Amino acid sequence: MDAESLRQLFTAVRAGEVSPDEAVAQLRHLPFEDLGFAKVDHHRALRVGMPEVIFGPGKSPAQVAAIFHRLAGHGDNILATRTDEAQFAAVLELVPAAERNPSARTIVLRQDSKITGKGKIVVVSAGTSDIPVAEEAVVTASIMGNHVESVYDVGVAGIHRLLACRPLLSEARVVIVCAGMEGALPSVVGGLVGVPVIAVPTSVGYGSSFEGLTALLGMLNSCASNVSVVNIDNGFGAGCVASLINRL
Amino acid sequence: MDAESLRQLFTAVRAGEVSPDEAVAQLRHLPFEDLGFAKVDHHRALRVGMPEVIFGPGKSPAQVAAIFHRLAGHGDNILATRTDEAQFAAVLELVPAAERNPSARTIVLRQDSKITGKGKIVVVSAGTSDIPVAEEAVVTASIMGNHVESVYDVGVAGIHRLLACRPLLSEARVVIVCAGMEGALPSVVGGLVGVPVIAVPTSVGYGSSFEGLTALLGMLNSCASNVSVVNIDNGFGAGCVASLINRL
Amino acid sequence: MDAESLRQLFTAVRAGEVSPDEAVAQLRHLPFEDLGFAKVDHHRALRVGMPEVIFGPGKSPAQVAAIFHRLAGHGDNILATRTDEAQFAAVLELVPAAERNPSARTIVLRQDSKITGKGKIVVVSAGTSDIPVAEEAVVTASIMGNHVESVYDVGVAGIHRLLACRPLLSEARVVIVCAGMEGALPSVVGGLVGVPVIAVPTSVGYGSSFEGLTALLGMLNSCASNVSVVNIDNGFGAGCVASLINRL
Amino acid sequence: MDAESLRQLFTAVRAGEVSPDEAVAQLRHLPFEDLGFAKVDHHRALRVGMPEVIFGPGKSPAQVAAIFHRLAGHGDNILATRTDEAQFAAVLELVPAAERNPSARTIVLRQDSKITGKGKIVVVSAGTSDIPVAEEAVVTASIMGNHVESVYDVGVAGIHRLLACRPLLSEARVVIVCAGMEGALPSVVGGLVGVPVIAVPTSVGYGSSFEGLTALLGMLNSCASNVSVVNIDNGFGAGCVASLINRL
Amino acid sequence: MDAESLRQLFTAVRAGEVSPDEAVAQLRHLPFEDLGFAKVDHHRALRVGMPEVIFGPGKSPAQVAAIFHRLAGHGDNILATRTDEAQFAAVLELVPAAERNPSARTIVLRQDSKITGKGKIVVVSAGTSDIPVAEEAVVTASIMGNHVESVYDVGVAGIHRLLACRPLLSEARVVIVCAGMEGALPSVVGGLVGVPVIAVPTSVGYGSSFEGLTALLGMLNSCASNVSVVNIDNGFGAGCVASLINRL
Amino acid sequence: MDAESLRQLFTAVRAGEVSPDEAVAQLRHLPFEDLGFAKVDHHRALRVGMPEVIFGPGKSPAQVAAIFHRLAGHGDNILATRTDEAQFAAVLELVPAAERNPSARTIVLRQDSKITGKGKIVVVSAGTSDIPVAEEAVVTASIMGNHVESVYDVGVAGIHRLLACRPLLSEARVVIVCAGMEGALPSVVGGLVGVPVIAVPTSVGYGSSFEGLTALLGMLNSCASNVSVVNIDNGFGAGCVASLINRL
Amino acid sequence: MDAESLRQLFTAVRAGEVSPDEAVAQLRHLPFEDLGFAKVDHHRALRVGMPEVIFGPGKSPAQVAAIFHRLAGHGDNILATRTDEAQFAAVLELVPAAERNPSARTIVLRQDSKITGKGKIVVVSAGTSDIPVAEEAVVTASIMGNHVESVYDVGVAGIHRLLACRPLLSEARVVIVCAGMEGALPSVVGGLVGVPVIAVPTSVGYGSSFEGLTALLGMLNSCASNVSVVNIDNGFGAGCVASLINRL
Amino acid sequence: MDAESLRQLFTAVRAGEVSPDEAVAQLRHLPFEDLGFAKVDHHRALRVGMPEVIFGPGKSPAQVAAIFHRLAGHGDNILATRTDEAQFAAVLELVPAAERNPSARTIVLRQDSKITGKGKIVVVSAGTSDIPVAEEAVVTASIMGNHVESVYDVGVAGIHRLLACRPLLSEARVVIVCAGMEGALPSVVGGLVGVPVIAVPTSVGYGSSFEGLTALLGMLNSCASNVSVVNIDNGFGAGCVASLINRL
């Protein structure tokens, strides 16, 4: 129920078509968000061009396919994350146009190819093992309507490789940096650019990397003041945050 | 050595005033950043309207005052964080126009009042004890050229207080959310707005809050996909990230 | 030896059938709980209408079935938790009336359908992945003689969904809240109701959720003062505590 | 604005005294909780006989005294927790009837002595060092309108001391158990009673007690199924939860 | 009520002086430990020659002195641990024969100098900083009636120093080993002797010693199979365990 | 080379049968322990009646069988821990008299049935899931020459079950207590007996039991002063320590 | 572009063949490391005699084989770490001269057998379970051109075994020490030698060894001042560091 | 007793001057290290030119001064670490030539200025707050006979500052890198040089830096394979390790 509907309700009350008690009851039983207040508009704004998102783990291939298929009918872009091959096979049967990025483990259906991001999002990864997380960020930001470019395998122990990417970094409106092990790359990238850096710790490493905890802590303590952090292996979240920034 | 100087060097070589070997030697001994490549421009871009920042802890009042005074001569805005009264007293003697926010523990000198942020930054805090961190974010974003508004004491256990702030939240281009204890507020705010949310865990709490660790972990695991996180009590960092986003 | 037996012993002593020394010896060698003192009565009170409980993990299908079958003979309700399909198949052969909730992974035999809980227990879960834990709480509270209702997928990042459940929440005498990731839901629910809230952290999440630790810590630091917490994924324990409260 | 006021608004609209647009505007600008929906009633219910609570740390004596004095004017019971002597001295000047429990570090003003709890709350502590936390629970539950009794120094290494308290435990409608070090007491008490047990880990101990973490973990893993847990040293929270249970 | 009293009760019942019902009631209201069953005897056995122990922290000088003075009247040995100079001064006024070991921070009054330990307890420490903990063990074992010898500063990085102590180690019936930092000493000592080794991690160290946690973990993972461990800095506990072993 | 051999060497030198240089060389190339100093005697003492021990994990069935077979030739008792069925099958082919305890996962060959322990070792476990660890302790202590008795399923939440075991506990010279979850049992047992208690945390539990860490921490912080602790699930270590104590 | 090329560029500028602006452009677009500055030389120096390294995990047999085969063409030594049998089978098909160390899980191709290390590297391990990590260090140091010797199973609980190795230890120019469990061996070895000790914690152990964390912490807190540490199970890293030291 | 003395002993035995029994007794009562075996020689080698070291914390000014004065008489260099002003004042009275570095908190007496290090040790620090730790490394390496140079404030967020130091880095035989916060600097430096890098995490930072733990973990997970790590703030240890390497 939006503001207009609310006005109609009051008008009907005034006209005697609805008694005050009935009006109170109607209001009482409506979900809050239907009252047409500000938040709902924002939610709409938030959703423009946004993909519907399906989180794969714990869902059967049939379930993923069914949800995917139903959402496909709305005409939106669709993104399924952390999917496996079996889930993709099931989706393909119902939605032949769906595509899977095996590295990112994503399935997407692109029905709206409008670019809503105002600039370029650059995704950087430290090592080749970080690429799946980086690709999840790439796919997410891309399906959310952004120009995305990526640079992989530019870890800090070979700093010249990263420095060689400065021209590309200088074109970014937002940078996403994925790194495991010591998680040092966002600090260095943060010092090279004047735009927001979204850091994604990855679970790449062994021993005292503690499945990404070390990288996470390193990024949270970055000495570069333009770095903020998302959860371990959360390429999807980084892609979302970067997309929202890039729309501003 | 910028690009112009580099061109002059080549010109001098051509003119025979400098031998090729001498030119190589000159290049070899110059710091990299003086070559005038792309990054430096970005650094300049980054610094436009940016305050010079002094980190107070571990510096004597005299040291803070001396650095503050020297920087004041450059005409930039100046920000000192985590300062105490004694440091402020020392600064005031040399820079009478400096101002201290005792809650935020900041000292600022505002010499450039240009607003470079394109929209409004809203800073939200969960409890009254989180205010010092929130204020550090407010002061930082403000001195970096933004319109900043703040809403305090809207923790999730009294959700109506937060919902009452929706009109203000809906005006934000970036939202900073500071919370200690369980750190749940960014998730709720993230669900109410369609813009980036910078979450700042605070060390407010006791027992198993582990001086902000619980809030930090909670924020990193936010179920809202527009949330990214900075270090515990890092109001300054949140203010920086928000400012960079708000300039885009 | 209950109070009656004790009286008989004293009577036999008085009658000279048992010497004082023999009586002392008899008392000395009896297990304490057989003396019929207060605690045993409480244990009895505690057990009225309570199911016998079997913890599935580490037991073979044959073992679970044998225990289940033996207990079934006592006429009590029976609850087996964390069971698998093979265990259920074995139980069914011996106890055809047993029923399994595959989501909750419980097997129950309901032989006593008396409702001993005085009000309604409402079980709330944040996401669909938390449902198995929530269902374990539902089944437990239900087999312990309570009216139970549940509301799922009302996580804090879409606060309107939760607010829409207020009428149901307002009817609860006790609320159980299950949530993984940041574990913020109990704080919000706690602020919406005036009754005890039992918080159950779930192991849902990834990366720095640390298999439920983050949710657990968040709930322990809840800013709502009507929240207490049980172990990660302990839907059974929450169901027990809520049942005991609801009998008061 | 409660349901009655809402009905009056609709009546006024019907009577033409308020236009539909004005009515919408009134609704739109009111805080949500003023709409008179269910939750507000609960909040009232929740607050009946409840003290206003002031958290002492971080507040100056003058601040505590001022808040205490203002709240005293409402006629409610007042509870200030974690206060020091200086804060009490300041309160006493403005509110001579205030009383301080130096062990619990609480200041209370009892203006409403109605007993709203239906039974007895028993507070148990393991060692003498746990008494301050236990006393905070006692004071909280007491000021919230409960009969409270306490038993101290009945730690599990001298189990006979605890067993000697069984008669008292058997009278409890809710039991609060405070323990530091290994935090084992709630499990033993939980096995002795058939009512809910609220466990409060305390920071008593040294070395690998990790300031209460060990006790907290122990309590969360209690093998007694009637135990739920609050934060370390949170006697206040335990008192609140117990009070809510005791009103049911 | 001991076994004798119990017999008298039965005799009185037989004599008709007490009715069976009254006898039941008397038994019912007595604390369990007064029934004179086996455990109490053990407690007595346990206490023979044992000191009464006062834990100093959190007690005022006057409190420590008062308790010390009262216990002194029983004729037992008395041990106060973790005391400070002020507490000792207060004790001395009331009990002039009390002695303080400033390194161990203990105060003792020796009124019973019987040696109940059958052999020698040897206390070993890794570094000079571990001596206070080692001394607490020495004082504890000594006041509990043992011959105790100590060897200090024989850390594993200078293994020859330890090897030089083998003759003494070979005379021990129990060995206590105190070490901070990496906590390696118990493993080496464990390999050199054929008797039980009680390992005491100390909080000596810095950085990643985590106030004794590293030493504690090291000792728990000792590759010597005759090592068991007590809490960090718990020289008193080690002295108790060693004493009990040495009495066997 | 023992002291006697050393004397023979010197005698041979005196007799001119061995030159001084040759004697130095002989000493220099001998392992230190062969010099016949005190420690070696102790090692012998330590080894009397001790089993040879094989740690199963990471060894192939053939390897375990080969080692077992070779050791069997020495006439000692043999103990293999943490073995699986395949390893046992392989051992049986070579050593038909070997026996496996499937719960304890041990394989033993008893060739020396002398009882060297002076009293009884009692092994107590909290729950049925702790039995494998308890059985490993039983088998270890038994094969090392002790009378061992065990009591299982006497967890602290049903304290009467434990109290019923007091007569047995009172006969123990050493007690081993195995418990998972909150690990509270050693504290209660410690308070019931006057002899050393070896606590073994088990990995039994889920969620915040952290695979035995919670039980371990609880035991280290035991309020009973006769408790020392070994590593998680280390039934073998507890059996060794108890055996060494029981020989004293 | 090395220094020579740079000189040619300047010469071409002088000769008028390249204009100053073109020269600037050429420099601007070259990767930094191609400028021939010092670091590149060092990289070359670093790489002399160094193997190319392939990290096996996460790569298919075909991928490992393809990379291995391509690198083999350069004439360098090649090292693949953490490989499995399938990867080795694939490599063998393309590079028949490749050899696998099944314990170390390495595959090597030795094409350059020059010894560049100036002395001997000795690798020590505490237990037989640590051998795979130790072997990885041996293989790494060996393929990098060093004389390597190893001593295994000299853990600290049998110190005489280690002392018997002193002659070998005294010949080492660098010592690598691998140990799990309590990680005490590097401290003891560190005290026996006057050269750098590289400590490698291994994940050998169980329970509170926390998969190598305990050993890691122990080594970082070594009381020997010649010990530095690498990541858990990082035999490769230790081999690299030792090789670099041994070339100095 | 070295090998020569041992030979003399045997010779005396042969000559009948010492009986075999007396010879055995002499050997038996000598400390092991006096037997003149290899290790002692190494210890001597280790100690050549090494300072005697005093660890300041926990020692009174008088104690530090007394030890310092006594050691000064041996003619060696002396190093006291983590000292305060009062300790220095006391030392100065007895040893006027002693010097204190207030940043490093060291006191040194240089009596032997021989340079035994073969090359240059370069000490790098990330931020100005890391300087005290870096200076401790500088002083340690210097007093141990090395040429040491230092570069401070070259953190990774301003990578150009570090790159400008490459010429100096390229001259190092060993590099020590001190960094707090995310601890990323050693990885970058490690990639720039071909020599061993000793990484020293510092406790600089706040919040989730956890007093150096984050930096420590980052360094242990360095993607550069020439990095090894010492304890948090252990500038002294890094100086020792570097010195030993530099002597090779």
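The first chain written gets the first letter, and so on, giving A, B, C, D, E, F, G and H; residue counts start at 1 in each chain.
As a working rule, contacts are C-beta pairs under 8 Å (C-beta built on N, C-alpha and C of every residue); 3 or more make two chains touch, one makes a residue touch a chain.
Because the structure is predicted, anything quoted here is derived from the model rather than measured.
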{"item": "Intersection of the contact lists for subunit D and subunit F", "value": "C, E"}
{"item": "Copy pair subunit B, subunit G: interface residue numbering same or different (half cut)", "value": "same"}
{"item": "Whole-Å separation of chain centres (CA-atom averages), subunit A against subunit H", "value": "50"}
{"item": "Rounded Å distance, subunit A centre to subunit G centre (Cα mean)", "value": "39"}
{"item": "Rounded Å distance, subunit B centre to subunit E centre (Cα mean)", "value": "55"}
{"item": "Subunit C residues counted as touching two or more neighbouring chains", "value": "32, 37-39, 163, 167, 192, 207-209, 213, 216, 220-221, 231"}
{"item": "Pairs of chains found to touch, sorted by chain label", "value": "A-B, A-C, A-D, A-G, A-H, B-C, B-D, B-G, B-H, C-D, C-E, C-F, D-E, D-F, E-F, E-G, E-H, F-G, F-H, G-H"}
{"item": "Touching residues on subunit H, where the partner in the complex is subunit B", "value": "129, 160, 163-164, 167, 206-209"}
{"item": "Touching residues (chain side subunit H, partner subunit E) in the complex", "value": "31-33, 39, 58, 201, 203, 211-213, 216, 231-234"}
{"item": "In the complex with subunit G, residue positions of subunit E that touch it", "value": "126-127, 155-159, 163, 181-184, 187-188, 190-192, 205, 207-210, 213-215, 217-225"}
{"item": "Residues of subunit H that touch subunit G when the two form their complex", "value": "37-39, 41-43, 45-47, 53, 118-119, 166-167, 170, 173-174, 192-196, 198, 216, 220-221, 225-231, 236-238, 240-241, 244-246, 248"}
{"item": "Subunit C partner contacts - residues on subunit E that touch it in the complex", "value": "3, 6-7, 10-11, 13-14, 16, 19-21, 23-24, 27-28, 32, 35, 37"}
